[in-house]
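Below you'll find the structures, each written out as structure tokens.
Below, chain A partners chain B and then partners chain C, in two separate complexes.
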Partner chain A sequence: MAFLELHGLVQRYGPVVAVDGVDLAVDRGEFLSLLGPSGCGKSTTLMAIAGFVEPTAGRIVLGGRDMAQVKPNRRNIGIVFQSFALFPHMTVAENVGFGLEMRSIAKAERTQRIAETLALVRLTELAGRYPKQLSGGQQQRVALARALVIRPDLLLLDEPMSSLDAKLREEMRVEIRDIQRKVQITTIMVTHDQAEALLMADRVAVMDQGRIARIGKPYEVYENPGSAFVSDFLGRTNLLPATVVGRSAGRLRVKIGAVEIDAVGEAPDGAAMVSLRPERLSFAAQGLPGTIESALFMGGQWFYRVATGIGQLSVIRPNEGGAHVAEGGAVHVAWPVDAARVVQG
Partner chain B sequence: MAGKRVLLPYGLSLPAAAVLTVFMTAPLVMVLLLSFNSFTMATGIQPGFKLANYIEVLGDSYFHTIFGRTFLLALWVTGISILIGAPEAYVIHRMRPPWRSIFLLVILGPLLVSVIVRTLGWAVLLGRGGMVNTVLVKLGVLERPMEFMYSFTGMTVALVHVLVPFMVLSVWTSLRRLDPAVEAAGLSLGASQWTVLRRIVLPQAVPGILAGSLIVFTLAASAFATPAIVGGRRLKVAAMAAYDEFLNSQNWPLGAAIVVVLLVAMVAIVMIYNRLVERRFKQVFQ
Partner chain C sequence: MTRTNGPLALAFHAVFIAFILAPLVVVILVAFTPESYLSIPTTKWSLRWFEAIWASDFIPAFWISVYVACGAATIALVVSVPAAIATARFDFPGRQALGAYFLSPLMVPHVVLGVALLRFMAEVGLTANMAALIMGHVIIVLPFTLRLALAALTGMNRHCEWAAWSLGASQWAVFRRVTLPMIIPGLAGGWLLAFIQSFDELTMTVFVASPGTTTLPVRMFQYITDNIDPMVASISTALIVLALVLMAVMERVYGLERLLAGKGEA
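Coming up: the complex of A and B.
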């Protein structure tokens, strides 16, 4: 039995079905990311786990205990809100100490645990400051410390990085992940940023319109997305409408436009979609002929758009310092067989 | 070019400044000058620069009683308005969209009716044969009808009713700036709903409560119509005393002195209160 289990969770707001039957099992110490576009029901799922909304249907079981009758302030769940929701009239130390105070922990132990937790998030020097005197990253670390100091059974993060600028976001991703590993706390993080989810989580659950479309280890979900929606949402991809025309030796034969190629995956004969990840495409002496329409320099890599017989393809090649292929140049696009994956439309 | 830019704001505020000078500063200065004149029945107003009127206002126990009553009344009205208005504002804040605007309208509605009309309404309710007395007697709370009219209690009740919408509005405005997630954060940390209210919501509503108290206090201390109708002639407040000096005794200089003392005292109280609260709740005012 997993540490946290959701069974058929449904959440309706009047006519709106925000969460439409979510089943989920999270193991103790695991870091799971709920990933999906805005409005797909991620926050609602999180708020149901925290107890702030009462599920229309379904069960939430935490540590073997059904949560239906447990009030939010009795669930022992730490939450980092999107806005951080710090108490503006309290210092950093008072913010962090609030949860301990609510648990009637003695002053001496409180002081010690506040100090430990502030050290964990590297904020020791700022204990006496007020939230408004802190930068976004520091505020976020206070929010994290405040949630961790109560030693919750479960840590919930709702888009924790969305109000930080790009550079800080990248630093905080690694930092939060390291802290989570260190204290080994079961964590669910909601995000719409696929890079964040892939980098931080042990497992990723991709949500679409109130349901979990796919769940698995980041690498597996990325490589084998299952549906066009997931493959498009996770990273970039070239999605091409295709027809499955035959199969042999575990491979499918698909027809895209006038071109026939081999692909992997499972699908019945007939209409399907083929996903081709741009970073798995390369230019070779032989392959699908095409013309470079644009070549964009992105620092670490080149981003090409190539007109081919099966449509326009995005191709990403690492910048290896040498000459790149110029716009207008004729190329042949090639890929390993397992890069072409049949997904459901 | 740069010089013009600097002058532009001043130029643009000129019309407002002119209006303010003509209609506000000038009368105030004239009242101030008037308060230093002297007056006798025989000679009328005599120009001059004497402190006699101030000595009378500040030294006479008759005026002490009036000013004491005025500020006590304003204090009670402010306190009760906080106790009623702040929770009311929170309830409205927690309401869902259609109800919120409906109840805001219900609360603000009375502001659309003239103070005189509302106060006369209270006079009807509070009178010996009025509804309040009838209900209290029927319920057995009172043995016989009580005199609410022409009493300090009656004045307080009527003024609270007239002024509480200002408190609700200003507290509600400051609650609107509250991050809704802050309450959820408090709950998730193990606080009860009541603790969240007391330790997290209330401190953040302080700017609104402060602004509301300043409005209610100044309006209550300078109120004329409501105390005059409900309090009557025996329970004079400062504004009524000034009115009497101006229109009954014809002693304009003394009336002017009362007005100046009221104004100075009010400004002083407001500033001290403001300073104290802001210092105590420094963080929520930024």
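Coming up: the complex of A and C.
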């Protein structure tokens, strides 16, 4: 039995179905990311786990206990909001100590645990400051400390990085992940940022229209997305409408326009989509002939758009110094067979 | 980005400001004249009418006004907070109607309210009663405290309450430790507006005031119907000075804009 289980969770607001039957099992100590575009139901799922909204149907079981009758203040869950939601009239130490105070923990132990947790998030010197005197990154660390100090059974992160600037976001991703590993707390993070989810989580669950479209280890989900939606949402991809025309030795034969190629995946004969990740494509002596329409320099990479017989393809090549292929140049695009993956439209 | 005003705009602003200030200037000037009639322009100046205030019955009337305004503003605030929480935080049938009902005194002319209250109080035997006067004022100032309480509640970050709740706080602890401190600036602004509104109220009060409950505006109104001397002008001037001092103190301590805009802490 998993540590946290959702069974057929449904959340309706009048005629709007925000969450439409989510089943989920999270193991103790696991870091799971709920990933999806806005309105896919990921935040609502998180709020239902925290207890702020009452599910229309379904069950939430945490540590073997059904949460239906348990109010948020009795669930022992730590939560970090997108806005951080720090108490503006309390100092950093008072913010962090709030949960301990509510648990009637003695002053001496409280002081010690506040100090420990502030040390964990590297904020010891700022204990006496007020939230508005802190930078965005510091505020977020206070919010994290406030959630962790109560030693919750479960840590919920609701878009924790989206109000930070790009540079800080990258630092905080690594920092939060390290802290999570260190205290080994079961964590669910909601995000719309696929890079964040892939980098931080042990498993990602991609949500679409109130359901989980795909769940698995980041690498597996990325490589084998299953559906066109997931492959497009996770990273960049070239999605090409195709027809499955035959199969042999575990491979599919698909026809894209007038071109027939081999692909991997499972699909019945007939219409399907083929996903070609741009970073798996390369230029070679032989392959699909094409013309470079544009070559965009992105620092670490070159981003090409190539007109070919199966449509326009995005190609990403690492910048290895030296010459790149110029716009208007004739090329041959090649890829390993397993890079062409049949997905469901 | 600031743009400089053109000459026409400047002239307009100058005239507008003069239009607002001119009556006040005249009142202040009259207050310093020695004659027992209104004489402007004058050549002689005197503090005679300020000295006269102390011996007059305007002083008790002033304290009655302060008492009524404090009482009405405080009662209205205490009633407003739960009402604002109910209408801002919960969804229930009749929520909109209730909100509109609480604000409806704004739409009832004070004259109508005065006549109605006079009749009502006579009927239930509450004439010349301080509590009854305060309750009448509560009706008038309630929309002000309620509006600012509502603005403060809807302006605050809801997630702060949720965060406190999930940290183990009961609903009451959430209110006392998080919600209330965060909306206090808005509540203080509402209380202040209510106090001013009540202190200033004449139209309704003149109907229900009796010898024991004569507020300052009512007393001034009565006085000016019988006398034409600068007494009322000197009282007005004293009130203007008092208001300026209060505003200066509050600006120093708190920031008036923050108070009257009804914003919570950012």
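Keep this in mind: the second predicted complex is superposed on the first by the 345 of 345 C-alpha atoms of A that agree within 3 Å, B and C clash if a C-alpha of one lies under 4 Å from a C-alpha of the other, contacts with A are read in each partner's own complex, and residues count from 1 in each chain.
Operating definition for what follows: contacts are C-beta pairs under 8 Å (C-beta built on N, C-alpha and C of every residue); 3 or more make two chains touch, one makes a residue touch a chain.
Bear in mind that the values here come from a model prediction, so they are computed numbers and not experimental data.
On the superposed chain A, the positions of chain B and chain C overlap enough to count as a clash. In the overlay built on the shared chain, the residue A:Leu118 is in contact with neither chain B nor chain C.
Once the two complexes are laid over each other on the shared chain, residue contacts for A:Phe98 go to chain B and to chain C alike. In the superposition on chain A, contact is made by A:Phe87 with both chain B and chain C. Of the two partner chains placed by the overlay, neither chain B nor chain C lies in contact with A:Leu134.
Across the superposed pair, chain B and chain C both touch chain A at residues 50, 52, 72-79, 81-83, 85-89, 98-99, 102-103, 132, 146-147, 150. For chain A in complex with chain B, the residues that touch the partner chain are 50, 52, 72-79, 81-83, 85-90, 98-99, 102-103, 130, 132, 146-147, 150.
Within the complex, the chain A residues that touch chain C are 50-52, 71-79, 81-83, 85-89, 98-99, 102-103, 132, 143, 146-147, 150.
Interface residues of chain B, counted against chain A in their complex, comprise 179, 181-182, 184-192, 195, 199-200, 203-204, 281, 283-284, 286. Residues 157, 159-160, 162-170, 173, 177-178, 181-182, 265-266 of chain C are the ones touching chain A in the complex.
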